[in-house]
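Each in structure tokens, the structures are laid out below.
Common to both upcoming complexes is subunit A, partnered first by subunit B, then by subunit C.
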Partner chain A sequence: MSQLNVVGQSLERPDAYDKVTGGKGYPVNVKLPGMLHAKMLRSPYAHARIVSIDASRAERLPGVKAVLLPKDVPQIKFCPVFFVPVQAPSMVLDFDVMNGERVRYVGQPVAAVAAITADIAEAAIDLIDVEYEELPAVFTPEEAMAEGAPQLHDEAPNNIAKTPFFEYGDLEKGFAEADFIFEGTYETQRVHTCYLEPRVCVVDMDRQDNVTIHVTTQHLFGTREKLAFALGIPETKVKVVKSPYIGGGFGGKLELTAMEPVAALLSKKCGRPVRLEQTRQEDFITTTRNPIKVYLKTGVKKDGTFTARYAKSILDCGAHATHGSEVIMVHGAFGLFFNYHAPHQKWEGYTVYTNNMIGGGYRGYGAPQGSFAVESQIDEICTKLNLDPIAMRLQNARKQGEPHPFNPAFTLATYGLADCLREGAAKIGWEKARRRDKGSSGAKKRGIGLAVHPVWVSGCMGFPDIYEHSGAIVKINRDGTADLATASMDIGSGQIATLTQIAAEALGLPAGAVRMSSAGDTDNLPFDAPTHASRVTYSSGNAVKEAALSAKKRLLEVAGSMLEVSPADLEVSDGKVSVRGTPSKTLSVAEIAQRAESPFVQMTAQGPQPTVMEEKGTIIGLSSLAPKSNPTPCAAQFVEVEVDTETGEVAVLHAVYAHDIGRAINPKAAEGQVEGGFQQGMGYALMEHIQFDPETGSCLTTDFLDYKMPTAVEMPRKIDSIFIETDEPTGPFGAKSLGECCVITPAPAIANAIHDAIGVRFTQLPITPEKILRGLGKI
Partner chain B sequence: MKKMLTLEVNGDVHELAVELDATLLRVLRDQIGLNGPKKGCDSGGCGCCTVHVDGKAVYSCVCYAHSFDGVKVTTAEGLSSGEELHPIQAAFVDAGAVQCGYCTCGMMMAAKQLLDECPRPDEEQIRHGISGNLCRCTGYAKIVDAVKLASERS
Partner chain C sequence: MALYKLKEFHAPKNMQEAINILGKSQEAEILVLAGGTFLHGLEARGLLSDVEELVDIRKAGLDAIRDDDRGLLIGATVTFSQIQTLPSVQRTPWLAGLSDALAYPPVQIRNTATIGGCVSASCPFFDVPTALLALGATVMVKGGEAGERQLALPDFLAGLFVNSLEPGELVTAVAIPKCPGNGASAFIKLEGNANDLAIVNAAAYLSVDSQKTCTEAYVALGGGVAETAVLSDAARQILIGSKLDAATLQTASEAVTADISPMSDHRASAEYRGAVAKVIVRRTLERAIARLA
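The block that comes next holds the complex of A and B.
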């Protein structure tokens, strides 16, 4: 790797100044002239037939401009998940915007109103009379699969939406070869991503079906495709405007919901733009991380080598499959099946309908649920067989140079798991802490725990039906700066910083000379897959680098003409183009761009003179490409906890997270991802839980007073991020991606540390004080 | 039903007719046109809407605007003077405490209250001082760094 000038620096985020002075660029701020406000009426029943809807009282309320009922909404079934085609064969096509016959969960939209104020719209939905005929409901996957259970969808007998499986080797043989067999069931709960900017859209749909939408989304092109399909109109009728910022997503804004098409249809009815903002309560019941129950059986030799692994996973997808069709696959593949070597393996998954809320995307996408099972059970194995948890993991892990387990066409060219474990262990003082006294005399016991995430996706290539390519436009300006335009959404993930740093490095411009364009939409930007998975730094980064190199090529052609040398003899550095070996022959990038955009015929003392035609034209580079590989990031998480055996409270004292990310483009931004990821993982481990009334199925945790996530007080006082820079050959300047491993590992690491502290194994998340006290036999 | 109200917001005096059930947050955003105070939950649970009323931090989403006649309100927009960032704003930028940015303005107003009352807080005081404000991106580490930095610089 040659000298890097911009990549690798913790540069100030270009968006930070605006965000500390108010923050203009969020969808929640969009106001259009004549804009109306909408609200949705939602079902109070978990399962019911809609007998009749009478909206006449609502229509008469002054200020109401339109009422939308199921009969006004195209009754089209589709998959609302953004990163797959709307009719992806690998998904389940069971979602509809407003079903006129049946509701399948509490909160399903059944009608909507647009009015001159949000208050009037709210009052009007209370005036819509819906007659329901209640049907028996089912709230657990086990009950739903049982004989005689209420059937939610005709095409899914026993309420099973999907049953994927993977298998190789001979499972029986593998278990027969084992010295020990470990079995356990590990359960995870429903949690919310808790993005802080609520879901909101402002839609203008005219009577010729032209739609412009501003929306909180992680994917411009997914929004366009799914919204057009739901409305039954051509895709190019829909223009999705890129918001400069989104107030958090974390996977929670990765599908079309009822909100966007409902607002669009109301706008068309009224001939005015319509704004629909969800309440926090509505957001809590819109998407969630699917709960999964995992049964895991592992055969091991005395030395800890896996001989066979079998797992069965049951996912509660709620009333519609949506992400549950894909989460189960990622969970099986990257949560359970491919993370370690085992000669004989089988996994089977079940995505099961219930009358609970719909699932969704959430950082980690099925892996946190799998990792909790796998990494907890490895700890059980190590404890029982007295094995070193680091050595045991490395013994079963993959090695650098092996084929990628998911796609053998790729190689694990860079794989720094051993370094992650070594450096992480040194940082937290693993050896010493394992041997120390747990604090046997006092009520507070300390423990230390470890979990790793060995194989993950950096870019998603390999799964069927998943969009993956990225595109970029890089334009060099006459002042020597450059503009970068991409459809990749910065949802807080930092690509306004990292992608502009990649572009500047590739162009040879100084730090800060590349600006992320704040304007753009699906009409004028190249297609891009979502900001999701762990892909943007790698996949979008490669696209941005490619576009920048294309612009640079043209820059050097123009400079070569101006200097009368071959472009091959030129180099760019710090905004200057010079002839290699002759530093005196230099042009600034600004001079070259000015020449390229100057008038062809220029007035001189000798009269009008033509200039060189070959130098003319804006210096611009374009790219649209699929990722070159699927290099896996990998990570090791260490935590130290203190368990109060009197109160059951768990304090995480110190977290160390070591991660092979190839190269940190902006180390401070990378640290921010890790520190935030740990908060989400720690909340999952210890406190977060969307809870429902077991009788009615209605959500009980509808605000942040009831749904607890860690504040600054609960967080560890020390989070150390270690980045192992393995210089991935296919990555932009060596980078891989980062977004998700840091969310996957905290729960098992914390559970393992709690076991180390008090000797009790917890297999159900979240590990609340009540569970701790029960585990200790105190209640 | 509306009530007339005088509010001084970031130094500007506004005469407003407000609905009796309008929250201070709604008036600041929808009637005065500010972006700094943000709606995250509308129920006093996240702190994105934090502003100062006569120098004290409040959740503007759970305050009825009509009860604030004659007060001085400061939002994140009012922290900076001209092009110069307030030390807290500058510290948030420099410490890398801003990610999606949705919590940032409320978080800075909570930090300001803390630093107004306790100019040299230790880490525990900082953590408790901002514990009424949620962030989902940062894990608070760099926010705590930013408050420390602002304290050291002033």
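The block that comes next holds the complex of A and C.
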């Protein structure tokens, strides 16, 4: 790798100043003239038939401009997930915006109102009289699959929305070859991503069905496709405006919900823009990470080699399958089976309907649920067989140079798991900590644990039905700076910083000379797949690099003409183009761009003079391409915990992450990703849990008092991030990705550390103080 | 949800005016507004949609503080932050438990939450009332038919979110009597994260004579161990006259079981609350003892 100038620098994020001074780029701050405010009425019942709706009282409330009822909404079924085609055959097509006949979970929208203020809209929805006929409801997937359970969707007997499976080798033979067999059931809970900016949209839909929407989304083009479909209008009637950034997503803004089409239809009715902002309470019941119960059985030789693995996973997708059809696949493949070799494997997955809230995307996308099972069980095996947890993992793990597990056309060109384990262990002092006294006298016991996880994608190249390509436009300005435009959304994780640094590096411009265009929409930007699946740095990054290189090619052509040398003899660095070997022959990028942009015929003292035609035209580069491969970032995570054996409280004292991410484009931003990932993973491990009333199915944890997530106070005082730069050959300047590894490992690492501290194994998340005391036999 | 039915927002300039307003509006849905931190929570949960009048008492002259040898008399609208700045709260072992409790709410809340609001809410999950119980606090009340009353805090806290105020009555101050002898107090909260109401909390006040024999003991618990924060008489009986050795602390902590009836909710089960209550009480007693001169 040649010398890097901009990539690898911890530059200040370009969006930082704007965000700390009010964040005018957030969709929540968009205001349009004449804008109305909407609220949705939601079902109080988990399962009911809608007998009648009478909105006349609401319509009469002063300030109300329109009421939207199911009859006003196209009754179309589709898959609202952004990263697949709207009628993707691999997905379940069961979602509708506002069902007029039946509600299947508490919180399902049944009507909506637009009014001159949000308060009036809220008062008005209370005046809508809905008569329901309650139906029996079912809240656990096991009960939902049982004989005689209420059936949620006609097309899904026994409430099973999807049953993927795979098998290879001969499972029975594999178990017969094992010296030991380990079995366990591992359960994970419903959690919310807790993005800071609520889901919100401002929509203008005119009588000709032209729609313009500003919205908190992780995908502009997915929003366009699904919203158009839901409204029953051609896709290009919808223009989705790119907000400079949104206030967090984490996978929680990766599908169309009722909000966008409802606001659009209200806007059309009123002839005015309509804003719909969800409350935190509504957000909590809009999307969630799917809870999955995993039964896992593993056969091992005495030395720790896997002979066979079998797993059965039951995913509760709630009232509609949406992401649940894909999460189950990622869970089975990435979460459970790809990480380690075993000659004989079998997996069965079940995505099951219940009368719970609908599931969604969340960082890790099925892998955290799998990893909790796998990485916990490996520790159980190590304890029982007295094996070293690091050696045991390395022994069974895939290795650099092996074929990629799901697409043998790719190889694991870079896969630094062994280095991650080595460096992480050294940093936390693994050997010493494992051997030390746990503090047997006091109430507080310390323990140490680890977990590893690769994410088998930097993007999703090679998956059925998943959008992958990215595009970018790079334009060089007369002042020597460049503008970058992409449809890739910055969802808070530093996409603007990363992509502009890649562009600057590729162009040979100094740090800060590339600006992310703040204006753009689906009409004028090239398609980009969503900001999801650990893909932006790698996939969008490659597209940005390509567009920058194409702009650079043109830059050198113009410079070559100006300097009367071949472009091949030129190089660009720090905003200057010079002739290789003759540093005196130099032009600034600004001079070249000015020449390119200047009039062909120029007035001189001698009168009008033509200049060189070949030098004219904006220096611009375009790209639109699918990524070349699917390189695999991986992480080893170590944590030290302290368990209060009298109260059950767990404090995480220290976390160490070692990540192979290929290359850290902006190390500080990368650290931020890792620390944020730990916070979410730690919340998953210890406290976060969307809970419902078991009788009525209504949500009990609708604010941050009842929904517990780690605050700055609970976070470990020390988080060490180690980046192992393996220089991925297909990545932009060697980069792979980082988004998800860091959120997958904390739960099993913490569970393993708790086991190390107190000798009790917990297999149900979250591991609350109460569960700890029960585990210790104290209650 | 908004205050749809709100018709009047009163901002009385003195206590009498406030009492007059409350007295006139007995039938209406009227609420006193102090720091608003609790009311805001109710409003956000849609529980105030019937309220027609609010009486903002922050300018009603109820913010005096008297700190002398009779003890502390804190006006109803004095904020937590203001209490934290009092020398006796900052420096004396006697009020150290109150200081412990005041440190838990986030600073934004401390800057606006009032002592009158915190007792009037009668919320068993708050911290400051538990600390006040262990210090033998009294609530000063004016207005209504009685005109003026003083209620010991245990009598004032009538039930879950219910206080003993009669229509037209207003809390004007909270009094903490000067501790007899050499006392020290402490408070500990068990919480799910730093942004939490107590799962269990405990406060203790202890004093000893020159022989290190315990002469006075108050043990209070809150956080869902009962419908209101409560005093444990069982623990008090065991502690008074004892040498406050480890075995006595253990017995006293276990005795609190007799005085509590913990609740189960989605945050913790009654069993868990009952089990950790003993632990937290013991640790609180240990902390108070460490502060004894």
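The working rule: the second predicted complex is superposed on the first by the 777 of 779 C-alpha atoms of A that agree within 3 Å, B and C clash if a C-alpha of one lies under 4 Å from a C-alpha of the other, contacts with A are read in each partner's own complex, and residues count from 1 in each chain.
Basically, contacts are C-beta pairs under 8 Å (C-beta built on N, C-alpha and C of every residue); 3 or more make two chains touch, one makes a residue touch a chain.
Predicted model, so just to flag it, every value in this text is computed and none were measured.
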Quick check for you: in the superposed arrangement, does A:703 touch first (subunit B), second (subunit C), both or neither? both
With both complexes superposed on chain A, which partner does A:197 reach: first (subunit B), second (subunit C), both or neither? first
Return first, second, both or neither, reflecting whether A:711 touches subunit B, subunit C, both chains, or no partner chain. both
Quick check for you: in the superposed arrangement, does A:669 touch first (subunit B), second (subunit C), both or neither?
first
Subunit B versus subunit C as contact partner of A:250, first or second or both or neither:
first
Contacts of A:779 with subunit B and subunit C, given as first, second, both or neither = second
Pick one for A:492: touches subunit B only (first), subunit C only (second), both, or neither. first
Across subunit A, the partner (subunit B or subunit C) reaching more residues is B
According to the stated criteria, A:691 is in contact with first (subunit B), second (subunit C), both, or neither; which is it?
second
Subunit B and subunit C footprints on subunit A meet at residues 119, 703-705, 709, 711-713
Contacts from subunit C onto subunit A in the complex sit at residues 1-2, 4, 41, 44, 190, 192-197, 266-269, 271-272, 275-276, 279-280
The residues of subunit A that touch subunit B in their complex are 10, 12-13, 15-17, 19-24, 26, 28-29, 119, 193-198, 245-248, 250, 277, 279-280, 491-494, 668-669, 671-672, 674-680, 703-705, 709, 711-713, 715, 717, 719
Contacts from subunit A onto subunit C in the complex sit at residues 119, 122-123, 646-649, 687, 691, 700-701, 703-706, 708-714, 769-770, 773, 778-779
Residue positions on subunit B within touch of subunit A in the complex are 19, 21, 34-36, 38-46, 48, 75-77, 79-80, 85, 89, 92-94, 96, 98-105, 108, 123, 126-128, 130-144
